[in-house]
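Below you'll find the structure I mean.
Letters A, B, C and D mark the chains in the order given here, with residues in each chain numbered from 1 onward.
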């Protein structure tokens, strides 16, 4: 995918005396958040595989070893449950660890520490502790990595009481949400997309915070609402342009935070456009799109002029061959087609 | 060992034993919900280890966690209140027996997931190392947890990072119904330490003096920057795996025999008397004090209000 | 909970020269399926923790050690990912393993082998292999086991391409579905409920198969459709009785199989009653109820006389205290209340 | 070792080397999608081990799996076709380099999850034991996988059940960018075997004769009912972790040095000549044959049709 330009969402700089803006890659924006938070707070450390000399599988930590040294850019063996669990223990005792799971496909190895330990600790022990842990990971297809390195698994984490789940689509949101996640006192699953790292966009310098739980209307429209997140936001914006040429005005709502969820923004948009299309890369069955659609159907049923619809990945592991890989997850033209059906 | 220490260790062990006896009767009276796992027979381990810990040192505990909790200085009333589902319990009745934590004393919590606490203790030790303090983390777990992936990954991390953590395996010879004879192809579990590059120590978990010495050495090494140690304390549980366990997997004879041949309290009373450290009557007096304290704790717990209604989202999130 | 009586669903004995019927506990029905399949096929073996002398945490395998010996009732150390993965390898090479995960809360430890290995193997390797693996486990609250032994996690597994997910509510379905699962050539997550083991119901003797992918209308009705599964089916049937007394006729659809899903039966019922309430014990957000509701909203929108609704567990880990535990998952009276709102 | 065996081992090693060279050039020509991991430098391990296996014995492989696949008897054309995303590939273009299986030859598949194949090989060995056959399972994995929980849980299961499985750790000194010097606190990884109660063998993975002998002994023991073995074959990869790896984690000198000082093919040619087993020209002739075979395979693969559209649900379910 060629570097795609994306604007910082309207609300991205909200509540700030708008600081200088310049363009960064998504990966650079993430690194800037890590660097600024590590400078600001000595209790922040980064743990993960190949994050040191190699700079991380997607170069998000490149250069940080030189600045912060091997104790704060702490490279680990291939021990997913060990490092996430160590992060939980460190978070419980005073550090603010950012643990990297190289691919979200590997989270199945660490699921127990994320769910039974990190997420449940606070409630289970009657509020005695807090778990300021960020688990940074990335998912999605599009690089020919096939079935075990391309999944979109955010739905698993949204179904856990005690976790927060964040999925930035733009460089500005990536920086702002990661900063907010690191300062948050609860465990946050911070899910990036492997095809977003090389996308560019305007990013505020200095401290930039995007609060968790606020969706962002990335494009305003009147005929239908497209609710989506992560890389599909870029496809939705691309589709909105095509749709506009065909006289259809699409509003694109980027959730950014899946948990906590900004129901207010979703429902306000749907009540305005009276049509909703929920789009995500993960397979449809059991995906988070079902949650969004259900909320709309339960709470805005009478405001809808057409049945709500989902557009999502096919029910298959991601295939290797390039021509097949593209075909199993929604592309811009698929969104255009679905939108036209919905308004037609 | 001086008299003060010896009597303090005896007092803690007796307190644990009595706590288990009373929680068992309370369970029998249907006052406790869920399930409980008795630590009776294994008291010397938690006691001998925690005697070397400060309030700012950390421990992680297990489903069989009452003993660890008491040895780390917990309040008996709040413990009983938790078992009784009271608002005054350590976890406000949210956790129950399998989930008691006392962060005020560095007890990061019991764990219902076998092996779940091992990386957590490792992470606590990482905090000490990262912040340059001389705190130590102790990780308690059973023989069954030794065959969990978390054990393996954590011990390797602690070894390569030389973390101030002591891993204490309480080998009571069974994981629920599964004998270590079949769960391991080696007789000495401590052998595993060598593969990680850390010292492995096997100790008689029925003799408080041996546990006290082995733990003292390991904890001092951790505090001094010498890195982790893996201790395997051999012991036996007097009761079933859980209250009501029919124990089809071992004979009545075996069960009964341990209560007489492997009892850290009987053992302690014997040498305390033999070495003329304390007289029978002194020890009986301690038992009497504990008896009184225990009943006072239970009365306090029973008087407490039931767990209050759950408030969301503040009970699941610290930032909301 | 007192032993609840439940009838074998109408279609439970479908397609059979109805064999003799007698009452069994749910746990006994499961054991009968295991025994009959082990007698029938020497390649079937059972692996898990405490399944031998102890007979399993819920006594499902009690007595099987004596009949089949320690190689086919193979007790394992506490090594969840090891035993599930060993099951995958055994299934790939000619055995038909039934692996027991004592509590579904522990599945987070074995998730990688279930998802990346068992579920994806067939597609990923171009159809070279089959994975006839059954993972038997149980979930749900109600026994005071608190947060790490009481979760309902079926939604995670429904979101995986390549898995099948089954959740029987009655003894007859338990036997019939387990038999079908063991004979199925794909990996099946077979999810029981800890409070169903001691419920009684009529169970056909001899071979009894309930095909995967067929829902069962456990009670016919005309005013609303309650779609549910597992233990909530019993609450729904209880609620339906109360509702009938109040003149409301509720149809209770027991999904039985979450994957494959019997859309036909769901949609037919909803088109008839024109109202739908989806009920499950798992927390609402990201639960499988959202998938069911979404399918109805997408495909039967215009057939609905009222907004579709979900009734599910509160967004919290399961608390220990008995009076709190009951309050966080839907009980019969909660279903009655929600149903009355829906029809009122 | 007789001449026939020696030349066959040489032929397999050379075939693997050449396959890796050619897939590298094909990747450079943008004909291969995704990523590839070169086995160059480690050929002696797969070759020496698989030489003792029958078609009905099983192996599990890794992301660096081309060598295992070839040594187990795979068809080169179908392998290239898979890398090229063709319908004629082993996995019909669904798997790619990281997911090649050849069940017709007992290769249960490469694995993109580090350590993911370890319990699977263990399960295959369980099948042999359960059905009373004399089949053996061999499990290949890297040094990095040794710190995964799956390694730990699987080796313990194999040991307590005395399963016919051989665990082969290919220690190429790095897990991506992470040196074993830092990932382990022990210098000899084979030490871990003792903790499970199985033999641990450390062997020079650059000398096909040593690998052949060590593997022969372990596989014979497994076949004979003697249980599992853990072999650690010390080696070095000539290339980066993946195609395009900048290798910031090791020096140019180190990289270059292994290509000359650690090359199982150069090593084999030396002793084959020195022991007068085969002349330079005989070996050149073999290389030439392989060259021809390789180009034929590539031509066949490139001529194949692209992977066909996915059919659901039949491609994800066997029963539907």
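The working rule: contacts are C-beta pairs under 8 Å (C-beta built on N, C-alpha and C of every residue); 3 or more make two chains touch, one makes a residue touch a chain.
Just so we're clear, the structure is a prediction, and the values are computed from it rather than from any experiment.
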Mutual neighbours - chains that touch subunit B and subunit C alike: A, D
Subunit B-subunit D separation of Cα centroids, rounded to whole Å: 45
Rounded Å distance between subunit A and subunit D, as computed from the means of their C-alpha atoms: 37
Computed distance of Cα centres, subunit D from subunit C, in Å: 41
Subunit A-subunit C separation of Cα centroids, rounded to whole Å: 32
Touching two or more other chains - residue numbers and ranges from subunit B: 91, 93-95, 99, 111-113, 116, 147-150, 152-153, 156, 160, 182-184, 313, 315-316
Interface hub residues of subunit C, defined as touching at least two other chains: 77, 79, 81-82, 105-106, 109, 112-113, 116, 119, 123-124, 146-148, 161-162, 315-317, 319
Topology of the chain contact graph, where touching chains are joined (line, ring, star, complete, other): complete
For the subunit B and subunit C complex, residues of the former touching the latter: 33-35, 85, 91, 93-96, 98-99, 111-116, 144-145, 147-149, 175-178, 182-184, 248-249, 306-307, 309-310, 312-313, 315-316
List of subunit D residues in touch with subunit C within their complex: 58, 60, 89-95, 99, 101-103, 108-109, 111-113, 116, 118-128, 130-131, 137, 149-150, 152-154, 156-157, 160, 313, 315-320
Subunit A - residues contacting subunit B, complex: 43, 45, 71-72, 76-77, 79, 81-95, 97, 112-113, 116-117, 121-132, 161-162, 164, 184-186, 260
Footprint of subunit B on subunit D - complex, ascending: 147-153, 156, 159-160, 182-186, 191-198
Contact footprint of subunit A on subunit C as seen in their complex: 81, 105-109, 111-116, 119-120, 123-124, 146-148, 153, 155-156, 158-159, 161-162, 259, 261, 282-283, 285-291, 293-294, 297-299, 301-302, 304, 306-310, 315-317, 319
